[in-house]
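What follows is a pair of complexes built around chain A, which joins chain B in one and chain C in the other.
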Partner chain A sequence: MILVVAEHRDGKLNRATLETIAAAQHAGGPVKIAVLGAGVDAVAAEVARADAAEVITVDDAALKDYTADGFVMALEQLIAAEKPERVFLPHTYQARDFAPALAARINRPLVTDCVAVKDGAVKDGGYVRPMFQGKLQADIAIDGPHMATFQIGAYRADAMKAGTAPIRKAAIAIDASKIRQKPEAPFKEAKQAVDLSQAERIVSVGRGIKAQEHLQLAQQLAQAMGAEIAASRPICDAGWLPMDRQIGSSGQTVAPKLYVALGISGAIQHLVGMKGARTIVAINKDPEAPIFEIADYGIAGDLFEVVPAMIAELNK
Partner chain B sequence: MAERETLEVDVLIVGGGPAGMSAALRLAQLQKEKGGEPLAIAVLEKAREAGAHMLSGAVLDPSTLKELIPDFKEKGAPLATEVHGDDIYYLTRTSKFRLPITPPFFQNHGNYLISLNKFVKWLGGLVEAEGIDVFTGFPATEVLFDGDTVAGVRTGDRGIDKHGQRKSTFEPGVDIRAKVTIFCDGVRGNLTKSLVRQLGLDDGKSPQAYAIGIKELWELPAGRVKAGRVVHTMGYPLRNEEFGGGFAYSLPDNILSLGFVTGLDYRDPMFDPHVSFQHFKRHPLIASMLEGGTLVRYGAKALPEGGWYTVPKLYASGAMIAGDAAGFMNSARLKGIHLAMRSGMLAAETSFEAVRAGDTSSTKLKAYEDRVSNSAIRKELYPVRNVHQAFGYGSFVGAMFTGLSMFTGGGWVKDPLPGHGGWTRIKKLTEYYADARPDPDSTVNPVKIDRQLTFDRLTGVHYSGTRHPEDQPSHLIVHDASVCATRCREEYGNPCIRFCPANVYEMVDDGAGKKKLQINASNCVHCKTCDIMDPYQIIDWVPPEGGGGPHYEGM
Partner chain C sequence: MKIAVCIKQVVTREWQLRVNDQKTWIRDQDASFELNEPDAYALEEALRLKEKHTGEVVVCCAGPARATQVIREALARGADRAIHVESDALATADANAVAEALAAAIKEESVDLVLTGLQSDDQGFGQVGVVLAEKLGIPHATIIMEVQKTDTGLHVKRELEGGWFQWVGLPMPALLTIQSGINQLRYATLKGIMGAKKKEIKKVVPAVAPPAQRVASIYFPEKGKKTQMLSGSPAEAAKELVKRLREEARAL
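After this line comes the complex of A and B, so read on.
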């Protein structure tokens, strides 16, 4: 049995949870989904729409705000009771915070940042994870019960098989006095920081946009598409867009359903940040630009002609 | 605010490369041999882990290794393979001529092909096993003095943002005070550079001459090359006026170590070492090796080519210089690792005696220079003392001289042959191109980037594994960036955008119809070429926040 640990904040499910459920379904065998928190019925109902054996909630006031101690305590008990052979988590900041502690506590190996579950004859678990900045992929074979985290975008949320899972409340008590962390109100380091990894559509601009005032054009397109705006490094370096909108090896890694690259040549540093996108549309003057090698749809043309036409069509 | 901490040691080794690690090991050995109160020893290394900034060909002459670690085989020295064959080719654009005989200094019988990264990582493990602290991720930024005596170094601050403001993670650097400091900070080491200038250690010496080596590792289809084969090339794509050549070393597991070295004393301001390397890869000799293979790693590093007459005074009160920092490289044999190791050992022996005697004055440490002069280092470097300078008269003259010098013992009518700072030879656009002045943003000898054999610089940076936290001050200090868009653009056409192999320097539109310099410091692979080659000598390479830089796994 595989136990997937869901992630949510303020009643909103993190999409990466659905991707991890998809990974678990792909791995095969019964899947159970754990939802931890206080007042989590809505989130539990949301994940119960997956094809899973059951959804187990741990609903406790002590889990209202995320703390590493609280989560480790709850999951340690839940795992002892349910005895899943594998525990899957999305490779989020939150999971990175507590998963190593949990693995140490329950004495299980932890395979992090997996991009795939390995098919075929691996006894207890086989995974693929990137090494050397994604240049190599390591096949990892694990004996015995273990834990694994999955990279955002490794599996598609919409590949998750739907179903109706029963919801059960686990009888787990949390000793709030043993939680050492005192969480404060969450804050974002930069004003208006955006989590582009959650965006379904992204319009991204590169050097081909030429001048800051032309960003408006990209913004209009983004608005017409209901997309977030993002950029390759030179644009953020020039200060035309804030750093938190940078996609690539020194920025964010994203996997939207649709990624529209405007005037982006496709340096490898950019590609590693967006190659997981489902559909990539590239518009670039240079037909030799490497972006076209990974684009699903490419327009070798002047973005200042193509984009206005796209906006006009979208606004029809 | 956090207080600056101080650490006191007896011997401080700055730079954990072959010289520094050998010095540390030799000190541990002496400690065991002589007994007595153990010395406090520390090794500082700017890379995240030992060996991560190491890049070399590399062919290892094992002579020093055999002395330092006689049981190196039992200890698992990562020597990839013995050399099984040497070929030298002279290349023209489309053809190759193999030299019928490989000259003696190019013969590599008994030598090993190694990854310097793996080798130094291994040495670092031995050093730590001796109980010596190797502080990785700690760059030294400043030499500490007590009067004229070197008293140690200060390491770099952490947690400073790009505007120079302290972040919440700020931690001041540490003062490491030592009775003796051995500077092994590599080619154009930032501390050796300031030490030499401050104390005039290069007075009466010929100026150092440098080259830049760009290297890639390739994984080739099985059976393409035979492990242990060494190929060197001369000629194309360089012209007679440019010094340098290519190498291709076949390692086990179908890995090819491929590189191209160019003298940093070229005349043509539009010359581009990175483009030359791409042309080299497209030559039929190399292209036929690479076809169907994949690029695995990329990197670049400067080399000290000047030889014996450019070695600075090696000691000062409280300080010694070893390895590439001192210029111990044999440019005729293209080897320096064994010399670096030996100089480290000799510096260790001198420092051990000096600390035990309670006298680390320059009079006492002069013993190091004497040791070097009586060692295999001088024996090897003195006969080739004029070789690189002879190449200053063109590759043809250089090659003739190298051959002749075997009979003259390296001497000539003029000895030393006059040297020059390499950067002084670069010509202005108008001098070199007269009326046919090229556009500074163009490439005069363009190469097709096909992303199969040839790649652009940015792609290279990716394969170098280079990482620097973005929010820190630029560690490339251009003292007067106004020169770039005006004088330099006019006079030299911004050669930095060409000699930098990592796309650190870019001339971008300033939004007002002109160009301005943009420094992409986080791309820097720490090769030091800009510090060496900039025609106005206004670029200073200083270490970035600790741990930043390339990750030369397997290089």
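After this line comes the complex of A and C, so read on.
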């Protein structure tokens, strides 16, 4: 049996949960879905529309606001009672916060960030996950009961088989005094100055730009194209562009008509923020860079030679 | 405040990856190595906390002998001393084995705070910090963008997804995984590099558990077939690209 741990916030289901249910259905065998929180009937009813053996809720006031300690305590008990061979979770920031602690607590290996699970035996490499920032992929072999997290988009939510699952409330009590993290209400930073989601065209720079003074070149290209300038996370981390110009899982998600990636290798954290662009251009000196996997047009070459030539061509 | 910072040595980003003959790992015999960048932010945060609140920064690195390179670098940037948990098996070990090896070394130090990077640039488990907290029996918080010390413990800013954040309070000792970009990194000065040579590196030989998860096969992902690669000189490729963007994609 595979136990899928659903994720939600303020009664709103995270769609990555449906993708993870689809992964579990694909892996084969009975699927159960756990919903943790306080007052989770609506979320439980929503996931009960999946083809699953059962939806199990752990409804406790101590789980109202997510904490790693609360979730580890609740799932430790639930897993001891249900004895699933596998536990699947979406590879979200929340799962990354508690799943490794849970795995250590119950002494199970955890395979993170999987992009696929093969049906059948996992002893010979049943999970596929990226390594070396997506430049390589690995088949991971694992014995015995274990846990796995799935990358956002690894399976499609609409591939989830529908059904009607019964809902049951688990008899699990959480000792709130043992929760060491004291969370406060989530908030957004002051309104972002630039809304890149409205840009028709975006020229985005990554590590390949090498130095802050080279940003000028990207800016000239953006001007020639009528595009906004943006960047991958490392560029904003370095302070070369403000954080509100960042595209990716921790920045903005965009779907412009044209996205030009300059010197961006294409780590998944970046790709999730821009893969919805209609036309993607990648210019990178490494022909093996993962960005080329999703690009419509690619030039494997030196951006410091290609970009000036593009600017000249555009300004003709 | 006594702070332990966990760092890892990884192959440099520029190194052209090659897979070994058994297809189980990269051919790293001839690779160049560097400090895992997310860990550099954890180290920087530790140094800043020490400068503000006084104390000691102890660098902990689990890895083979060659990892001395990044330990020296961390000492040169300002860490006070180091513990090298040394074993060849740690170069490819899984998260649980690495955390176990680090936990044994850190337990003896009774630190107030443990900092790690978010994940490593090589295996990218994103687990070692959180598993380490569990093994040390201390609370943790992950993907941290700001650290404040309070009278009773810590007040930290967690990054959530989609531009959301959250403040979380937790008692010390605690473990935090630090988000890249939390601070601006310093680089080692010549004085720091000279001084690092006199700093202590304690070697610890751990018992490394056999990995529960193994790489059965490692390979380059298949290319999407729809990408049109434009070849020729930079000028020719650029000209062709602009033409295609105008006429084929109608994106300009």
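Operating definition for what follows: the second predicted complex is superposed on the first by the 181 of 316 C-alpha atoms of A that agree within 3 Å, B and C clash if a C-alpha of one lies under 4 Å from a C-alpha of the other, contacts with A are read in each partner's own complex, and residues count from 1 in each chain.
Note that in this section a contact is a pair of C-beta atoms (placed from the backbone, for glycine too) under 8 Å apart; a residue touches a chain by one contact, two chains touch by 3 or more.
Bear in mind the structure is a predicted one, so any value in this text is a computation, not a measurement.
Enquirer: Tell me which partner A:1 touches in the superposition: chain B (first), chain C (second), both or neither.
Expert: neither
Enquirer: Of the two partner chains, chain B (first) and chain C (second), which one does A:296 touch, if any: first, second, both, or neither?
Expert: Once the two structures are laid over each other on A, A:296 reaches chain C alone.
Enquirer: Classify the contacts of A:249 with the two partner chains as first (chain B alone), second (chain C alone), both, or neither.
Expert: both
Enquirer: Going by the touch definition up top, name the partner, chain B or chain C, that contacts more of chain A.
Expert: For chain A, the partner with the higher number of touched residues is C.
Enquirer: Which of the two partners, first being chain B and second being chain C, lies in contact with A:211: first, second, both, or neither?
Expert: first
Enquirer: Applying the document's definition of touch, where does A:269 land relative to chain B and chain C: first, second, both, or neither?
Expert: first
Enquirer: Name the contact category of A:237: first (chain B only), second (chain C only), both, or neither.
Expert: In the superposition, A:237 touches chain B and chain C alike.
Enquirer: Regarding the shared-chain residue A:137, is it in contact with chain B (first), chain C (second), both, or neither?
Expert: Touch status of A:137: second partner only.
Enquirer: Both chain B and chain C touch chain A; at which residues?
Expert: 132-133, 135, 234, 237-238, 243, 249-250, 290, 293
Enquirer: Can you list the chain C residues touching chain A in their complex?
Expert: Against chain A, chain C makes touches at 11, 13, 16-17, 19, 26, 37, 41, 94-96, 99, 121-131, 133-135, 139-143, 158-171, 179-181, 184, 212-221, 223-224, 226-230, 234-235, 237-239, 241-242, 244-245, 249, 251-252.
Enquirer: For a test of understanding, state which residues of chain A touch chain C in their complex under the given definition.
Expert: 68-69, 72, 92-94, 96-101, 103-105, 109-113, 124-125, 130-144, 146, 180-189, 192, 201, 207, 225, 233-234, 236-239, 243, 249-253, 257-258, 265, 278-279, 281-282, 286, 288, 290, 292-302, 305-307, 309-310, 312-314
Enquirer: Spell out the part of chain B that touches chain A in their complex, as residue ranges.
Expert: Residues 296, 451, 456, 458-459, 461-463, 465, 470, 508, 511, 518, 520, 522, 553.
Enquirer: Going by the contact rule set out above, which residues of chain A touch chain B in the complex?
Expert: That would be residues 132-133, 135, 211-212, 234, 237-238, 243, 249-250, 267-269, 272, 290, 293 of chain A.
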